[in-house]
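The following pair of complexes shares a single chain, subunit A, combined with subunit B in the former and subunit C in the latter.
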Partner chain A sequence: MSMTALDGIKPLTLRQYFICLWGIVWREGLRFLHQRERFISALVRPLVWLFIFAAGFRQVLGISIIPPYDTYILYEVYITPGLMAMIQLFNGMQSSLSMVYDREMGNMRTLLISPFPRWFLLSSKLFAGVFVSILQVYAYLLIAYFWEIEPPSLWGYATVLPALALCGLMLGALGMVLSSLIKQLENFAGVMNFVIFPMFFASSALYPLWRVKESSPWLYYVCALNPFTHAVELIRFAFYQKFDWISCAAVGAYTAVFLIAALIAYDPARGMLMRKSG
Partner chain B sequence: MNKLLLILIFAALTFASPAAAYLAYVSNEKGNTISIIDTDKLDVISTVKVGRRPRGIELNKDGSELYICAGDDDAIQVFDAKAQKITGKLPSGPDPELLTLSPDGDIIYVSNENDNLVTLIDIKRKDQIGDIPVGVEPEGMAISPDGKLLVNTSETTNMAHLIDTKTKTIIANILVDNRPRFATFKPDGSELWVSSEVGGTISVIDPEKKIIKQKISFDVPGMSKEAIQPIGVSITRDGSRAFVALGPANRVAVINAQTKEVEKYLLVGQRVWHLAFTPDEKYLLTANGVSNDVSIIDVANLKVVKSIPVGAFPWGVVVAPQ
Partner chain C sequence: MNAPPPPALAVTNLTHAYGARNALEDVTFSTPQGRFTVLLGLNGAGKTTLFSLITRLYSAQSGEINIFGVNISRQPSAALRQLGVVFQSRTLDLELSLIQNLLYHAALHGIEPAKARILGLAALERAGLLGRAQDKARTLSGGQMRRVEILRALMHAPRLLLLDEPTVGLDIKARADLIAQVRTLVKEQGLSVLWTTHLIDEIAHDDEIIILHQGRILASGRADSIIEKSGAATISDAFALITGNHAERLQT
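Presenting the complex of A and B:
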């Protein structure tokens, strides 16, 4: 990389871009694999919800038949897409945490002085996070499979992949925006309280929106606007080999907004980063 | 060359032909209708108005006629499957509930709840040919594959009455658990299964020795015992598996018919009542009384694939041969 930086005049080749992307994804992958606790906690969190929370509410919440389901389903089946999205939400926030860490430790400076454009570096970092979150989701699905939580056909595991990629991007970009706002690692608890929990609970992850509407119409609108709701629904439909236009469009739009915001935030000329480190 | 061509044509036809489409008939107790389901499309293709309070339904051998117990009309209605309309009625006596046909398809045996009788009707002559007094509130009806043994269950007497079809007399009374509602023979005739709604069990009876040889009970996690009310029973042709509708438990129990162990509970609609296989045994259809739908179970994979809305209070279900 430093060689390329010295060359300066020559435009960067596609291969070099790829090496850079690979390097970032590889580092993120290694970090994920080496932090076994992180892997296990990423897996345990949704499983606790699945086996304890869902088991407790099994009889309480009556689920009427709503798309994409063709028949009655158990509560465990209902909340699985929500838990898949939750894995990605936590992962998105966790990679934002690692950005803060990188910034504090100075690793980010190394990265940011490379000759690659800023947007490319940030996107690579984002892709790395998405890659890791997808690994986590499939690990969760593997365990869920043994409890007979599975798509109607095995194709569902393939059709859910693009949905996971898009949702991972959206939540990762959101995390990136947030990371530009957090000064120190300690502030991550604030992210938990003010971002993760409200997003998760005010969504269709745990209960269908018609039920929310019954009890509180305004909360319903909050849920309907929540990007996380659309992520959950996109995954829910894709897992059942169906396509939900509305949630796909919503997730796409939110991804674009968060991405642009992240790029602006990390733009050295006007970003928050400059303001804070300066 | 010709041979090859033939094989190719045959292969093309085999692969081009869609999955077998059968017609299923569902009696809607409160809707006073019959919903007709195409088992290929898995959808209702028509709904036909019939008599009041239709419950027990049965098809004749070739599937051309459907016999419907119209309880509040005190008659069995004859429904022409092709014309999709009622073409006549049979004199059943008051409030017929469940019926069964003799294996040759000539005689209908029907339980008359109010008179505590099993009434015999000659289909061709459209006339009653006899009555057999049984216990109080007769309901479940079954006939052995050889047609020699008729079974009636009486809901209040809590008995399975074994009747010799030749002499038309009861030859044994077997006490079972509370409110026996349904009876069926294993396709080889070696066992008789009787479901007890309130008792929550299935009594497996040896028809030779006329004794209960085993009882099957159910335990759905998180569900109270009272909510588990076995009603409809369907056993696969090879006698390997049985499916039992558990009423308000909203589940169908899958039982290994050899070991009598419950293998699985499948979630279906509310208050699942009667069941019917498609002739190829690919699907099992369940009539779900309270949720007003029919759930379709994929028999090989033991999965519920769809629930189809039908009329009000679906009660009985039969599937016609092609």
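Presenting the complex of A and C:
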């Protein structure tokens, strides 16, 4: 009887990597379908902003012609990219919440004892979250379409997809970093106050940055550095089939930083998870 | 000449501290292949830390862990593939059905979905849960959940099964059923098992025992030989003598 090391253990194949990735995305999709409240609230939140806030502020905030827009636009049109990014922001933070929950409940541990490399497992988890956030964004866009908010050409729906994927990745990676820092589930309210709201309001989601600059130069610089601003602008341009290389480079750089930080946080040797579970 | 088979699990000079407090201090033990080994310790003895290190949730500050001779830090993938784990906390996804839980786990191990479905349904059938394959995990009783967790841990055919206090929160009947289920696996399939507990009545006289106390291994060997060496009459007395604890603190 042969019982020596590595007998019969073949290296994992590319197909097995694919099966693993598929399994993680599939589970995330199933969970999403089962949590109907989560889907509805993910949809209602931006719609409240669109139907109530934007309608109310339409007269207050005049928007001049700024790229990528060629004409005067309605305020609803202006804030739609911001709301698309907001869906992804909430989704990213929600998946970080679910990772804290998973860690407390142990589901995270069943993921981490998989024999695939940890970077692959975490990236797959991230990818699954991005997939769900993109579904939510398109559901929002479908409703917005009937409100006559649409890109200049239907192609806009396609060109915005890579922008959404990149922004989703950035916000998901940020959520993953936060999930390693949050000690307990209850601290999620803090994430709302200290992450979601400041990121959303100190960005170009609701008002163009030149308006911010007029009233407060230092706030302008905060907004200009805010990763969320770049996510909004990348989506805004892509929706109009245009490419804003500055925001793309910024989102790409922030994504890389957050991803590396997340991988370090979950690296067994560095042991960020240690204090929480010991 | 044949070298002796490597132990299912070999832990060597493992030390791990949280800040200034040593949770594990120079822990060395091994569990033989194809045996039911009990890791006995009170709450706070360091069982959970040890478990986290063996499952590579984080790495040990010093020392080595080998699973069937495969080092967990140097070849984590090969080591983890030989390992099935049942965690102390309930880790089934309550929103998913039983078969979906099994399929998800199989995917995490790179098992073809079609094959996974066959394996999963067969496992549920053996456990008498085939009729509930499509039910959500939240509809199960505590004992049934544990049984499904064991089926899940065995989906990828590991050779070593770790169970961290698996009977916590179960009633007497469910506890007995669970122990019997795992002992059968050892007897019939030659599975190697490491079972952690603080409940002395889960030990049989011919089990391998490791006594972990305040981060140190105080004794290891067959239950009856530990009893004999300590000069006690029962394992409970032996435990009290060895750890210097009153027997009452160890629940039976």
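Descriptive notes on the structure:
Criterion: the second predicted complex is superposed on the first by the 268 of 278 C-alpha atoms of A that agree within 3 Å, B and C clash if a C-alpha of one lies under 4 Å from a C-alpha of the other, contacts with A are read in each partner's own complex, and residues count from 1 in each chain.
To be clear about the criterion, a residue touches a chain if its C-beta (ideal position, glycine included) is under 8 Å from a C-beta of that chain, and two chains touch if they have at least 3 such contacts.
Just so you know, these numbers come straight off a predicted model, no measurement behind them.
Look at A:W22: by the touch rule set out above, it reaches subunit C but stays clear of subunit B. In the superposition on chain A, contact of A:L74 is made with subunit B only, not with subunit C. Of the two partner chains placed around the shared chain by superposition, neither subunit B nor subunit C is touched by A:M192. When the two complexes are overlaid on their common chain A, residue A:V48 makes contact with neither subunit B nor subunit C. Of the two partner chains placed around the shared chain by superposition, subunit B is the only one that A:P152 touches, whereas subunit C remains out of contact.
Of the two partner chains, subunit B is the only one that A:I65 touches; subunit C does not reach it.
Number of subunit A residues touched is higher for C, counting subunit B against subunit C.
By the touch criterion stated above, A:I40 is placed in contact with neither subunit B nor subunit C.
With both structures placed on the common chain, the touch criterion links A:L161 to neither subunit B nor subunit C.
In the superposition on chain A, no residue of subunit A contacts both subunit B and subunit C.
Note for the complex: subunit B touches subunit A at residues 222-223, 250, 267-269, 291, 295-296, 303-307. Interface residues of subunit A facing subunit B in the complex, by the touch rule stated above, are 55, 58-59, 65, 70-74, 152.
Listed in rising order, the residues of subunit C touching subunit A in the complex are 3, 5-6, 18, 23, 33, 48-49, 52, 55-59, 68-70, 75-78, 80-83, 85, 87-91, 93, 95-96, 100, 103-113. Residue ranges of subunit A in contact with subunit C, taken from their complex: 1, 3-6, 9, 11-13, 15-17, 19-20, 22-24, 26-27, 30-31, 34-35, 104-107, 109-117, 121, 268-269, 271, 273-275, 277-278.
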